[in-house]
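Each remark here refers to the structure printed beneath this line.
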Amino acid sequence: METRRKIINDPVYGFITIRHGFILELIDHPWFQRLRRIAQLGLSHLVYPGALHNRFQHAIGAMHLMQNAVDELRHKNHDITPEEEVSLLSAVLLHDIGHGPFSHALEFSIANEMHHEQISSLMMQQLNADLGGRLTMAIDIFNNRYKKKYFHQLVSSQLDMDRLDYLARDSFFSGVVEGQVGSERILKMLDVKNDQLVVEEKGIYSIEKFIVARRFMYWQVYLHKTVLSAEYMLVNALKRAKQLANEGKEMFCSPALHFFLYNNISASDFARDRNSLEQYAQLDDFDIAGALKVWQSHDDRVLSMLSAKIMKRELFKIELQKDQIDHDFIAKQVKRIAAQYSLTEEEAGYFVIHTTVDNRAYNSQNDAIKILMKDGSVRDAAEVSDHLNLAALNNVVEKHFVAYMR
Amino acid sequence: METRRKIINDPVYGFITIRHGFILELIDHPWFQRLRRIAQLGLSHLVYPGALHNRFQHAIGAMHLMQNAVDELRHKNHDITPEEEVSLLSAVLLHDIGHGPFSHALEFSIANEMHHEQISSLMMQQLNADLGGRLTMAIDIFNNRYKKKYFHQLVSSQLDMDRLDYLARDSFFSGVVEGQVGSERILKMLDVKNDQLVVEEKGIYSIEKFIVARRFMYWQVYLHKTVLSAEYMLVNALKRAKQLANEGKEMFCSPALHFFLYNNISASDFARDRNSLEQYAQLDDFDIAGALKVWQSHDDRVLSMLSAKIMKRELFKIELQKDQIDHDFIAKQVKRIAAQYSLTEEEAGYFVIHTTVDNRAYNSQNDAIKILMKDGSVRDAAEVSDHLNLAALNNVVEKHFVAYMR
Amino acid sequence: METRRKIINDPVYGFITIRHGFILELIDHPWFQRLRRIAQLGLSHLVYPGALHNRFQHAIGAMHLMQNAVDELRHKNHDITPEEEVSLLSAVLLHDIGHGPFSHALEFSIANEMHHEQISSLMMQQLNADLGGRLTMAIDIFNNRYKKKYFHQLVSSQLDMDRLDYLARDSFFSGVVEGQVGSERILKMLDVKNDQLVVEEKGIYSIEKFIVARRFMYWQVYLHKTVLSAEYMLVNALKRAKQLANEGKEMFCSPALHFFLYNNISASDFARDRNSLEQYAQLDDFDIAGALKVWQSHDDRVLSMLSAKIMKRELFKIELQKDQIDHDFIAKQVKRIAAQYSLTEEEAGYFVIHTTVDNRAYNSQNDAIKILMKDGSVRDAAEVSDHLNLAALNNVVEKHFVAYMR
Amino acid sequence: METRRKIINDPVYGFITIRHGFILELIDHPWFQRLRRIAQLGLSHLVYPGALHNRFQHAIGAMHLMQNAVDELRHKNHDITPEEEVSLLSAVLLHDIGHGPFSHALEFSIANEMHHEQISSLMMQQLNADLGGRLTMAIDIFNNRYKKKYFHQLVSSQLDMDRLDYLARDSFFSGVVEGQVGSERILKMLDVKNDQLVVEEKGIYSIEKFIVARRFMYWQVYLHKTVLSAEYMLVNALKRAKQLANEGKEMFCSPALHFFLYNNISASDFARDRNSLEQYAQLDDFDIAGALKVWQSHDDRVLSMLSAKIMKRELFKIELQKDQIDHDFIAKQVKRIAAQYSLTEEEAGYFVIHTTVDNRAYNSQNDAIKILMKDGSVRDAAEVSDHLNLAALNNVVEKHFVAYMR
């Protein structure tokens, strides 16, 4: 994808055409190029070897769907100015710009006060300043301050271009065909009524299918228990590293990772200090995985054991269940590991993980998918669907898990 | 892919079933797991963003095709014992075990005496020793010392499982559909005659198609000029790093990369010294890309400029042409760059690259594809094909290029 | 597909390999070749132009899945003899042999006492006699009289090879990607426990997906209201033709269609009289559509108007709703049409259709899909699935429709 | 596809959107609906069971590609008025309107003076008269009388929308993936220079691929020897029927087929007499196949044997070779068949077929594919391609065949 090149090969959609010079400028920006080094699905490739796609691709794919949505809505006589078009494209392109490597892992360990949404917002503001204000409308759309409210829904809602792309893309690269979403059909059914994004009535089956596919991906991929095990092992390795850093211990790490391990950077630091943001913009999967590889031979046994087990894919045994995890069981595992590996119980605690994950396939309280009925009325998809139990999908499904070293 | 799990989701083939415990053992070995961190197509993802697949996937895919080939040949009443089957699968699984990160880059810079084939061979021997000799037959097949000569052809020839997989996989992930190969049809047409792998006569069109697809992939992907530019920039960055290391300059690098930058390891060192092999087995894309990222701010301007340009995707302008590159032109560019960036001419030389690439779509001298005619005779595919000019494809096509910083 | 050719190109699965000479013999039989002239989805191509696939393809596709299921079950150490294998393949190959053209149309009009299942059974018996008893075991499996009860489930149950193929195939050719079924994954999960077909627990998401896809296809394709309109118009055209035949009126028709229009053939005639069966074996889509085309200019206005409207695709307006159709509305339409087109009310009745269609996505009473839990127990899929409301899918969804000429 | 519906599901392209009411009117016309009953590939489904797609689908697919081409060219700042757009769409939609059933079969037997191109032209003129002249510009484009010459090239040239669609579609439905064409990439590369359709230089590999794919389809599908055998058997059956009709013998046939069998209709009759055209517009695959089925029991043994062999798929043995067929061999076969089946030699002649088929993959004399070089010059693709031997593909490849009853 050279600067002047406007067509990108994409295995999911075939070809993606970029029509606007400004969009090409954004893509060429080093902060956006950084997304090339952040895997979309973190460690999922340990279970689905094909799932190596990155956030760079995903952002471009979402932008492509946005372009199609704009074309479709114009065909339906909704007026979208060229400036609005570019802003919609920019907004979706940058929606994940602040994502860190293995984002949940980072958020839960070395930088637990930062959420990637906040950082995305800060980075967009900085970019906007650098670009002479050309992102102002995109930022307004992103923050739902733009007058046309449905623009924000295209960027962020239950049926936004982000989700349509990531479901399609994650399904494609993981090889889990059951997660495929007919995004083309859904886009053809999009319309706007009272400044609200709606789906034509005859699209109700596609919406049902979309929701089922999403649920499928959640339990089969995003919350796959082996993936969870690996990700929480990584969280614990980083927590341990952070603790060792606080104690002044030395560890191999890149300058950017060093900055975040050996300093305690808070959200307010980010807002105040451009250097924090610059350091963050240097941080990607290579810093984390590169360090982990070296940490396998660190003196600290907790750090080295955790690192080695991740690198060699000797993952913790994990139970995922509907019932709460029994605390006695956890305590027993900690004791066993302490004894078996000659660790203190505090150290052994790093090798037993328990937490709760949940998923709600559909959320009618918050930003329900709206159906435009043939009679012109607008109804919630969950009401319209008389076949599938969307109401049941509305429930939050919680699962508890415990993972431990054998 | 857990140890006991036998089915792997693969976006290219759907499902891959692993039937043998020994194969699972090999896959779990850290040396094989290392292939997860080596991209199949190096820096090609800078042009084809989807092309992030790794050598791990490819090796498993090639093994899957081998399993299908074994099944097919047994249906045609060729006797293959269970031990032979496992050895064929092992041989193809391990055929690339010695691949380094950005392999050509490494071979041309910090380790120019090592070829990955030799290292693969050394690593297999070491693995065999560790596994109590269970790889002996696989190694014999790999080295073409096994009595059934066609086994080696399945592992390494113009129509081996390696090629069938990499063409299919590279085409799939790059999104270049024109490179798709009907490997399923080809496998159905495989047969053995006089201990030689042959293709049934009616498969001649598929063979033609395979050769054309391969040529397409060469010029469109493997030798894409932007990819070449990036790869040779990386070669030069590593050469510069090696030079600085020889001069005793310090650079950020992982221990494994440090080992190879600051020592001059030769092929004989590898054969003699297990440590070299162990260090090598630690080296992957993360060491190289992780270093490059940090080198962007190194004191040495050649190193920092090359690193920054790769990371920011500001690639050299490149001309790819049939004629030899004019040496005056090269000299002029070096002078211009020296002046423009206040570098010595020796330093400026790192920013001008010229070399020659070639491709021969088909090679009838060496291991031609054999067609089994209906009358029982065996002929070279280039003779049988009366439509496509296979003879022309037999020619080596050479292209010369010059790439330089603007 | 010549007699000795064993590989068939299939757009859905790629290649289908036929390994048994006996299966090739069956496929070559004129009764099986007749299925080439019977569209799988009747008039659905009027809505989905790609849906032109026939019962011939479908039967071969189902046989291919059966072959894969046999291979899979053998890998799981279930013993299946070569004779059993061929019988399973034959049973599924012939399961639809008795299907007539536009089957529902025929069953509801000129031959309303014949069900295609009965005719399939009679035709298999006749074939068995012709083939010297080589179909005896296949017929036993088909009729659930074979000792291994799970064989019948492979041929006919909620998760049989027939359904897996037709969902995949109908989805493929109609272009309704939402109906795609991961049949490959499901086959990999098949097992047998206590002589009962079961699916491994980890396959529960695939089963959910299968059931949702099936429901999708029902409402989007099989019961698409435009398709229903066309099919019931055809029923009425044939009913009218039958009535005219009973009155001794002449109509253009092929000899086979003449036989069934001008005679009243009952199920017992079929059993008694080989000629009825032979005539039936001559009847296919070409007889019906060929007649309809000519009937456009028949003297009888009811017949000619119905025929012309089908041929020109001027289909009745149709309402599909949850509530019963109001009888006054129907009566009013009949009166309007009688007046508008100068017909008697009896004649006008042919231009107003009302009936009820239903679909139950899953049926746990009758032959539920069984899940083999990790603890070895066997449970109903509807119980195991805690996410999707399979219980709700268990309900019969009824819709009423009225269709009428404008 | 209802009148008001604008989106058609197509398995090849996903969705096809029809944006113009006039195009919907054309599609609804009975003459266009007739194309639903004409298979695109005649009897090829006897070899490729999936190849049942019809000319209706194909015409709509070609129109879809035309719409994409128009969009693409407008993006490249070529001015195309709305009226021109509709005319381009109409021209390609109607380009095959005059195709008869099993077209070659008909042209060679009962109606050997009619070519489908002439009839298409006559039908378009008639439609234009009926539609108040709204097709005038479309007809001018079709006949290459429109001022913008490249419009005609979009409809009819070596790289027209017709070919792009039929290769994609025939490959898709036959399951011969090797024939797939990257039409999306080619469309992106289209441009216009000096009122001439050109392909951008970087598209040269796609053009090579397109030409190779086309050759592949010719030899693997269109000129597949079993398909040839079936088609020429059909020609002979129809020739025999024509002869019997000339002798006043009675045969079962539909009124439309009767008209052409029992009258000798010439091209001038078509131009003069609307009835001939109306009769022709009634003729489709159902007339031919419906008659053949009944002719299996006709008194004339030549007609009944030919018909039965086609219906039962007992096809003639066929040899396809580079050398001329030996006349002695033919004479010997005729004698053998006469003796074996108690026929006269004249009758036996119907059971021996010999003819010549040819294919030229590329034709640089006539309407070469033009490449727009980066320097702005325009060159013939055969010159530009230095890798593939396009020159060789330029040769007409002739094959001779003889087919005979065993």
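Labels for the chains are A, B, C and D, by order of writing; each one numbers its residues from 1.
Going forward, a residue touches a chain if its C-beta (ideal position, glycine included) is under 8 Å from a C-beta of that chain, and two chains touch if they have at least 3 such contacts.
Since this is a predicted model, take the numbers as computed values, not measurements.
> Which chain has its C-alpha centroid at the greatest distance from the C-alpha centroid of subunit C?
B
> Looking only at C-beta pairs in contact, point me to the busier pair out of A-D and A-B.
Result of the comparison of A-D and A-B: A-B.
> Centroid from C-alpha atoms only, then distance subunit A to subunit D, rounded to Å. What do you get?
So the centroids are 50 Å from each other.
> For subunit A and subunit C, what's the span in angstrom between their mean Cα positions?
44
> Any idea how many Å lie between the Cα centroids of subunit A and subunit B?
Distance between chain centres: 32 Å.
> Could you pull out the residues of subunit B that touch at least 2 other chains?
In subunit B, residues 14, 177, 185 touch at least two other chains, as defined above.
> Within their complex, state which residues of subunit A touch subunit C.
Of all residues in subunit A, those touching subunit C are 177-178, 180, 182, 185, 205-206, 208-209, 212, 215-216, 219-220, 322, 361, 386-389, 392-393, 397.
> Mind listing the subunit C positions that touch subunit D in their complex?
Checking each residue of subunit C against subunit D gives 1-2, 8-12, 14, 28, 30, 33, 36-37, 45-50, 52-54, 56-57, 60, 172-177, 226, 252, 254-255, 282, 284, 286-287, 289-290, 293-294, 311-313, 315.
> Under the stated contact criterion, what part of subunit C meets subunit B in this complex?
Answer in residue numbers: 7, 14-15, 17, 19, 75, 184-185, 188.
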